[in-house]
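The chains carry the letters A, B, C, D and E, assigned in the order they are written, with residues numbered from 1 in each.
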Amino acid sequence: MNILEIKNLTKKFGGLTATSDISMSVEKNSITAVIGPNGAGKTTFFNMITAVYKPTSGDILLNGKSLVGLKPHQVCHFGITRTFQNIRLFSEQTVLENVLVGMHQRLKSHWVGTLLHLPAITREEEQAKVEAYKILEYVGLEDFVNESAGNLPYGAQRRLEIARAIASQPKILLLDEPAAGMNPKETKSLTDLIHDMRTRLNVTIILIEHDMKLVMEISDYIYVLDHGELIASGKPDDIRNNKRVIEAYLGKEASSLG
Amino acid sequence: MIKTWFEKFADNTTGQIIFFAAYVVLTTLGLFLLSDSVTAFLILLLSLLILYYLKLNIKIKWALGLLIIAVLVPFAASQGSSYQSFMDVGTLVLIYVAMSLGLNIVVGFAGLLDLGFIAFFAVGAYTYAIFGSTQANHFMPFGHYPLPGDTFWLFIPIGAIIAAIFGILLGIPVLRVKGDYLAIVTLGFGEIIRIVLNNMNKPINITNGPMGIPSIEPPRLFGIAIQNASQFYYIALVIFLFAIYIATRLEHSKLGRAWKAVRDNEIAAQAMGIPLVKTKLAAFAIGASFSGMMGSVFAAKQMYIDASSFTYLESTIVLVMVILGGMGSIPGVILGAAVVIILNNQVLTDISNTLTQLSASGVISVPDALSPAKMQRFIFGILLVVFALYRTKGLIPHKNRVFNVSKLKREAAAEKNKYKDDPEVEGSES
Amino acid sequence: SKSGGSSGGLTVIKIATQTPLSGGSATLGEAIKNGAQLALNDQQKAFNKKGFKLVLAPYDDMADPKKGVSNAQAIAADKSILGVVGHLNSGVAIPASQVYEQNSIPMVSPANTATAVTDRGLKTVNRICARDDFQGPAGASYAVNTLKAKKIFILQDQTPYGSGLASAFRDEAKKLGATILGYQGITVGEKDFSGVISQAAATKPDLIYYGGVYAEGGLIIKQARQQGLNIPIMGGDGMDSSTTVQIAGSAVKNVYFSTVVGDITKTATGRKFADSYKATFHKNVEGYSAYGYDSAGVLLKGLMTAIDKNGGKLPTRQQVTTAVRGVQNYDGIATKVSFDSKGDNKFAKIYIFKFDKAAYPATEQTEITKQ
Amino acid sequence: MLQQIIQTLPQVLVDGLTLGFIYAVVAIGYTMVYGILELINFAHGDIFMTGSFVGAGMLFFLLSIGFMSSVPSLILFIIIILVAAIVTGVLGVGIERVAYRPLRRKNAPKLIALITSIGISFILEDAVRFIAELKTGNYILTAPPMFQHRFVLNVHSVFPFFNNATFQSSFLVVSIVTIIMLISLDIFVNRTKWGMAMRAVAQDRETASLMSINVNRVISVTFFIGSALGGATGVLFLIQYGTIDPYIGFILGIKAFTAAVLGGIGNIRGAMFGGILLGVLEMFAAANLSIITNNAMDSGYKDVFAFIILILVLIFKPEGLFGKAAVEKV
Amino acid sequence: MADELSKHFLELTHIESFYGKIQALQGVNLYVDKGEIVTLIGSNGAGKSTTLKSISGQVTPKTGSILFDGKDITKNPTHVNAHLGIAQVPEGRRIFPRLSVRENLQIGAFAERSKSIIAERMERVFGYFPRLKERLEQKGGTMSGGEQQMLAIGRALMMKPKLLMLDEPSMGLAPIIVEQIFDIIKEMNKEGMTILLVEQNAFQALQLADRGYVIQTGNIVLEGPCSELLTNQQVREAYLA
């Protein structure tokens, strides 16, 4: 069953067409990769799904419902969250607080209730903290609970972005270059984490990544963009050997690597 | 040496309590005996700061703090002739603290720079002033004004609500404008409100224009008219406590986290499901309502208001209180407001009076152009620069809440954990 | 630091002044303070004889109502203060006097012309100057009847004083049959008023009236002349300052103002005062210098009466308050003073002055007494 | 009604331009400092004020030297404006050193500099007041008239529906000097390396220094230029209005800052345009608001009018008239 | 110390650097000879970036000394070091977001006066990254992540430095561009530029460089020719996976 359906999505910045007429469908509970050369339009594609940008034309359907025209926070309410290529943490706040913010949309408390000291709300807050801690344990950040997010090493910040995103219990999780700035060993554990998230959390994952080893290893399906256009799609093995993809993106060496 | 002693002291609760009790008793006694001494008054107030730094149970701290400000300070001060003067400064401190707490929500928590905050204070003040004097007769088709002083109490919530509405009105342009552009929009808004209030004596006379509104009814409680600073002190105290309660409760609530998230990174905040518009408007409305409440108190206390109390300079002074105290830090903001008010309305006046007396009696001689009576703002300016340079993050900088990790760990271990393969209960999860 | 006590065996009595000593209208505020200081100096001996020493306690109200109230509380706390001379701005005097009333501190104002100052019926509040509902109409009748102005354009500075005065002027001028071509507000602190002036010029008035203070008034005069408006310009007591001439320069010719203080240099005592003022403060007298002096004089007169009534002992504030209100036929250098039941001065007069040349003081044209 | 508005239009324009020019140059001071430090330099209005006092002081001093009174006023003026510009320029650099650089070094939060700037503003106001009072006994100074020759712009004979406008030769001086200042500054910032360095420092100080840019020097130069312009404008103000006091910087500062934002803060041309626009709008409102609203609002509302226009502009163009929307790449 | 001048082009002796109270470097010793490519590898938070920042002057070391080209530069401000010929491609690209691509490149050659030399260098950068030439007037901040990385490298090349320090240049780049970047580094090095490279992609870095250092929690734990490091068991386990 397809959870997400992209129809002829186009985005123009002035004279520049960042994505052009892209269509794809993402199966529920799959891991889908979007790859392509720099400036191909991958991040722009994520930005349209999460309503950061409004598409110039085309449609985005989540379980058949269109997301176009929603506000970014509404998209989150519909069950799509993301991480950012340029890390965007709440850097002044602690690691745990970052995760708590991720839970925002599923906490029920209203501020009036908070002021009235309603026991239900106090309880919810307590549980939220414990769950946030569990999530930090899950991504391996339990030693940084009270650290300011901005002071974490790069790789840890990336994992915190993931933790914050899964805190909202999304149906679809978009990861924009999650392995950037990680060494191979760290990338390996990230790969395991992504795998585990899919099975354990029942989440559909779409990721952008330039690390072909990771991409080839975990994706069920790959879409390749170049200059805003979809130039190929298929299973990892098809993509690995696709001439056009090798030429535009992989290069000879890298394709032999994965 | 000193450090180790200090560390030991920090762990010794009884020691601290004894020390603190001794301090409070002594200084209370000090003020009681030297009843007109500003120094004695300030040293007693210092106990609150000491209390803040003591490592005691938070509830005990609150109880002690309340005891000091609600009982000891007024009692000790009441012995001297400066009683009303001290209580007047105390009332002003409380008024401005509540306003600063409101502005702190807007600037400190939500990160929206506001240079027109005094407008909400003005709105609250005028609301009571108009109906608490004969002014309303000019345009209200029904009713008889002034409303009796007993209705004052109603005007505290009314002031809050009207100010909140104005907060939302201001918020609407904010939805698009960012950063320092916002600062200028709010500045403009503040000036618009002031000028309009100052000109609304025609075509219909609503605010009596530049002439201001005199003879505002004093509040009445059980038939007693409240007119003394020492009485207003308690009204302001109650609202102040209310404001602190709201501010601290909200800081660590879902809404508080949303504010800070919006402040730190709007795009990420939205992506996490935080509605930008609603969150910002809530900050403006709640922040404004603190000012609105205190506005009514201010009008009743002054018994006369005109637009000159609500200038742009006032807005910046409230902002100075917030930044000086430490943005986003509730204790800091309280200290910031207290320092600014006490400096301006008590310490500097006192110093300049002393110097004036000295120069009058020929002890020191200064040319008239440099007469100490004219120096207050100058000294205040120097102090601001010095404070800012030496406490760059504010007097009491904001600290992130520290979570009890071991407790969280224990609780996480005790509960069912879907993020973990639990060997014992394996299979029980479906 | 605030307690009274004695000095050289004399009991100290303090008289406070509360006026703006900093900010835009400090010239006038300081003139009042200095005037009061001189009065204390002059009467020191008489009080010393009775065993008292007079000390002036100047407070800076910064023309800010909040500050005025805080200072008033501080004044109330200083038990050796038995009276206040001040304020300059009615907007500050009104809230501050609520505190004086609660503490029975007599206040004598040299300058607060707004009606609400005494109309609230406070026992402690007195003034030696005329009220705006006298000053405004007096100015209007002079403008309409003497200067024959038929078409008048009015400007005001949107302060309690300026707008109160201007509206009193407007109402009377209308009554006397003049046409009001416009009634416009300006902003205190600005320097460019050409906008409203060109509006005024377009309406071709015979006279421009300005309710406000010299800082803006002087510029309005100058800028009106620059736009070719050589008609008479008139103002109130706020223009009664040497600074008006400094600012407007030669443009000040053909400017009239009504004021509450007459030309003190007409009398010998007045001239003596001006000289000793100059000798003490190295400044020329302002209109309000003499009123500062007379206000303090009235206050000291009341104080002396209270001392005598109290058998030569230090009187209470209540006693001084009553005595001050009871002052009758006090002869000051600038005005005679008798307080009525509200604290207004029965002898308060309005004087009309005209600048014939760029020099201060201006020439007195006439004095108007309330019927 | 319309007729009256049109009649006064030439005069309103002349006066509006005069005021607008002054706003424009002061606005540039704000915009430059803002552009480089993202700091609203509240003290800038007071630097402007100090400039006017330095100019007045110089003028009195020069006139007191016997032979100087026979020197043509244009030369006097040039000396005065240069001295005032240099003094305030140095003052600006000094303020930056004392009040802002230490904060930068300590990595203080951005807003804390707001406090030092407000503090400096209080200090400057009172310091100038003390000095002026000490020297002259009065802190309201009126300069001996310069450039007082009156011109009548005879528009009426060409377009009978206009009234004539009058102006003084000072108007010409103000216009010419500001236009020279504006153009040279525009060239400096947009055409020279310094300008690029300023913008780079504004956007990312650390990386700018990696590009061999001496960040502190660039900031000092910016403060020098911004403050010198402010000080020079103070002299223009003195020439135009004749009377100054230590508080002129406050209101003018707010207005100029508003103008800077209206034009798009950080943008030099925006500040120029914003200043001129604000001056003209304000003058127009002062002259015509009561006519337009049929006396419901008098000219006391002129600032309300100006601020409403500002807010409207920002609602539809949140980055100001000349500002470019800063798209944030996500 | 100054009299026993280093024989190395760049030499760090016992460098300790701090962020406030947090100590990031615990006494780093490292040298680079003229014409070498040296790589610094280590896991997240080990102190690689801090080492580069200490050399360029963005972080001032508390103790220790840094000698460059015969001069003591330990306490030099950043811009002075840049004048001496030290360029750094910073972590996270640090493009000037509101300058155009052209201006971003021009500012790289800030110290260079000659217009023709600047133009020449710019042409060369375009040769490597044609995308930049296509987008000359685009604001730096709106470029895609990888495009920004190219711009950051191009900007550093515009300086024509004596020592080029690259902090994870391959981050966010397409595999095909990564190959190209490594080629460019080689080429620059051939022309006489000394290079200090920080990379997560340790395998490729070690293949390219002459010598390598491994840093762990602020300490250099291993150093040697790359051929040795590539075969070192510890290194293979920790960084080559």
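Everything below uses one rule, namely that a contact is a pair of C-beta atoms (placed from the backbone, for glycine too) under 8 Å apart; a residue touches a chain by one contact, two chains touch by 3 or more.
A quick note: this is a predicted structure, and the numbers were derived from the prediction, not measured.
Chemist: Treat touching chains as neighbours: how many steps, at the fewest, connect subunit A to subunit B?
Modeler: The distance in steps between these two chains is 1.
Chemist: Spelling it out: a chain qualifies if it touches subunit B and also touches subunit E; which chains qualify?
Modeler: A, D
Chemist: Based on CA centres, what chain would you say lies at the far end from subunit B?
Modeler: E
Chemist: Of the other chains, whose C-alpha centre is the longest way from the centre of subunit A?
Modeler: Chain centre farthest from subunit A's centre: C.
Chemist: Applying the document's contact definition, name the chain pair with more C-beta pairs in contact, A-E or B-C.
Modeler: Per the contact counts, B-C leads.
Chemist: Could you grab the centroid distance between subunit C and subunit D? Build each centroid from C-alpha atoms only and quote it in angstrom.
Modeler: Taking the mean C-alpha position of each chain, the two centres sit 36 Å apart.
Chemist: Which integer distance in Å separates the CA centroid of subunit D from that of subunit E?
Modeler: A distance of 44 Å separates the two centres.
Chemist: If you average the CA atoms of subunit C and of subunit E, how far apart do the two points sit, in angstrom?
Modeler: Using C-alpha averages as centres, the distance is 74 Å.
Chemist: Among the residues of subunit A, pick out those that touch two or more other chains and give their numbers.
Modeler: In subunit A, the residues touching two or more other chains are 43, 52, 84, 86, 88.
Chemist: Hunt down the residues of subunit C that sit against at least two other chains at once, touch-wise.
Modeler: Where subunit C meets two or more other chains at a single residue, that happens at 22, 26, 158, 185, 282.
Chemist: Please list all residues of subunit B that touch 2 or more other chains.
Modeler: Only 198-199, 267, 368, 374, 377 qualify.
Chemist: What is the complete set of touching chain pairs?
Modeler: The list of touching pairs comes to A-B, A-D, A-E, B-C, B-D, C-D, D-E.
Chemist: Residues of subunit B touching subunit C in their complex?
Modeler: So the residues of subunit B in touch with subunit C come to 36-38, 80-86, 88-89, 92, 198-199, 209-212, 214-215, 227-229, 302-306, 308-309, 344-346, 349-350, 352-354, 356-357, 360-361, 368, 371, 373-374, 376-377.
Chemist: Subunit A touches which residues of subunit D in the complex?
Modeler: For this pair, the touching residues of subunit D are 329-330.
Chemist: In their shared complex, at which residues does subunit B touch subunit D?
Modeler: Contact set of subunit B toward subunit D: 107, 113, 173, 176-178, 180-181, 183-185, 187-189, 191-192, 195-196, 198-199, 202-203, 267, 312-313, 316, 319-320, 323-324, 327, 367-370, 374-375, 377-378, 380-385, 387-389, 392-394.
Chemist: Okay, in this complex, where on subunit E does subunit D touch?
Modeler: Per the stated touch rule, the residues are 56-58, 77-79, 82-83, 87-88, 90, 94, 96-99, 103, 106-108, 110-111, 139, 141-144, 155, 159.
Chemist: Help me check something: in the complex, which residues belonging to subunit C touch subunit D?
Modeler: 22-24, 26-27, 158, 182-187, 189-196, 198-199, 201-202, 215, 218-219, 222, 226-228, 243, 246-247, 249, 282-283
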